[in-house]
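Order of writing sets the chain letters: A, B and C. Residues in each chain are counted from 1.
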């Protein structure tokens, strides 16, 4: 009896950990290997664990679910939530952009597609919160992944961003190369 | 210079002269209000001299503080110009007492340093609570248009759905009924009337119906889409199709 | 009986919807008003609903929790998950603020709106660099200009400041007079 309970606890815990990890991973998702490494299980067990989690989420009536998309596992909302998201999208959210968000937006506009690490290198400070704000406001979006270790997400401005400024494409942004050159010379 | 630890600490270790003075006071376990200014001044000047020896750059703030300390020390050596009047606490001389001012500044600075420490701890605690990047609500914001709803929906999907519904009750499809054009305009009107009461779905419209009627519904919907009267949306392949009236402005 | 079950179902559904909405809002979080509008409840009911959700999440052993920070409700992981997130490098590298920045921020938090000169007066050192860092990180912002010669900029903390330290409002910090009194007493 004790043994069974212990196993149940362990299995329950792995599900909770798995769900927590997927929660933070967001749309980047996690691969079989990543999940297997963290939970110290074999890669072949990952799929079954994810399905167990999906069943648990369904049974508990949760409106987001683990699903496998393009070889990564990620948490996504289910269509039943859509009407509420539509309603939420119509509730006015705080509209002004912080200085940090504005800077981040400007960098993304001129240097897109760009990774978070590259943005942070240019700004010299962490920019996660600013990126979150810009995504939530529909000003930037994830646009593929960079090559290299970790294959981090690339960010780009949305079509709505261009529409707002009446631009056909980002190449219509006022040029900065000349100004940059002048700044460098003055330094 | 007397204490060997002096050599281990440079001016750069301090956030400024106030920070350095607080360091002396705290390491000697002194009360801010009872600081023996003479002793602190000596320690302070020793540090400055040490920095000069090592040719370290001394920020102007440290020199200003040195001047203040020397002024206070000199003043403490002089006899009081005016006797303190106990019946006049707003004594001009007391108000301008640079030693008192310095002690108040140290006290205030220490309080903010303690807040900074609290913030440092809170920063660490907060960092343990991690969220996820938001999902953009923009796609939900605008009332979607026909093309939004139909994006990714091909007629072949509609065809698949209708075939699935048809085969749900019966294995074979009687194709001949498709030719029954007479009822399609009628069905279109019925669907439009239903939609005026609210949106509906394909499954709802075809529930408990004969396959002939289902085909008619399907064709009526196709016709209504073509006429730009309704909006259809399918969340998933083989899923139900949401149908609503297109608002005409 | 039927009625009770119906109520339970409704309450369960709102919790699932609430969690789904918070999931989508991510680090941006949702205000009382946003939640109330979408769920069609009064703003005064939001707090209790969120607390019910937090209890449910805890009972179900989930490793993320609804919490109120900076006047918005948001879903965040609990510290128990941090070691696993570390293994996946999903935890942003610690980038604590410098002592100078923390001191400057402490002063602005209590004395806002405040000019640079006033900050430097309290700290006894130049604080331009610290102010620059804090602006770039979105923790403080320019909040108008002071009267007087040169009309210097006034600085104030941002909502992100509260979020960064997990504060509900600036009044979560102890009154500075109280701290000063303690220092005097301890001496």
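Convention: a residue touches a chain if its C-beta (ideal position, glycine included) is under 8 Å from a C-beta of that chain, and two chains touch if they have at least 3 such contacts.
In UniProt terms the chains read A, C = Segregation and condensation protein B; B = Segregation and condensation protein A.
The shown structure was predicted, so the numbers you read here are calculated from the model rather than taken from an experiment.
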item	value
Greatest separation from subunit B - chain, by CA centre	A
Chain whose Cα centroid lies nearest the overall Cα centroid	B
Centroid spacing, where centroids are CA-atom means, of subunit B and subunit C in whole angstrom	8
Centroid spacing, where centroids are CA-atom means, of subunit A and subunit B in whole angstrom	14
Centre-of-Cα separation between subunit C and subunit A, whole angstrom	21
Set of subunit C residues in contact with two or more other chains	23-28, 75, 77, 81, 85, 90, 92, 163-164
Multi-partner residues of subunit B (at least 2 other chains)	130-135, 137
Subunit A-facing residues of subunit B, complex	130-138, 140-141, 235-236
In the complex with subunit C, residue positions of subunit A that touch it	12-13, 16-17, 19-21, 23-26, 30, 34, 37-38, 60-64, 75, 77, 81, 84-85, 87-88, 91, 93-94, 98-101, 103, 123-126, 128-130, 132-133, 136, 150
Contacting residues of subunit B [partner subunit C, same complex]	15-19, 31-34, 59, 61, 65, 105, 107-120, 122-135, 137
Residue ranges of subunit A touching subunit B (in the complex, touch as defined)	23-27, 77, 79, 82, 85-86, 88-90, 128, 131-133, 135-138, 141, 158, 160
For the subunit C and subunit B complex, residues of the former touching the latter	23-28, 67, 69, 74-79, 81-82, 85, 90-92, 94, 96-97, 99-100, 102-103, 105-107, 109-110, 122-126, 163-167, 173-174, 176, 179-180, 183-184, 187
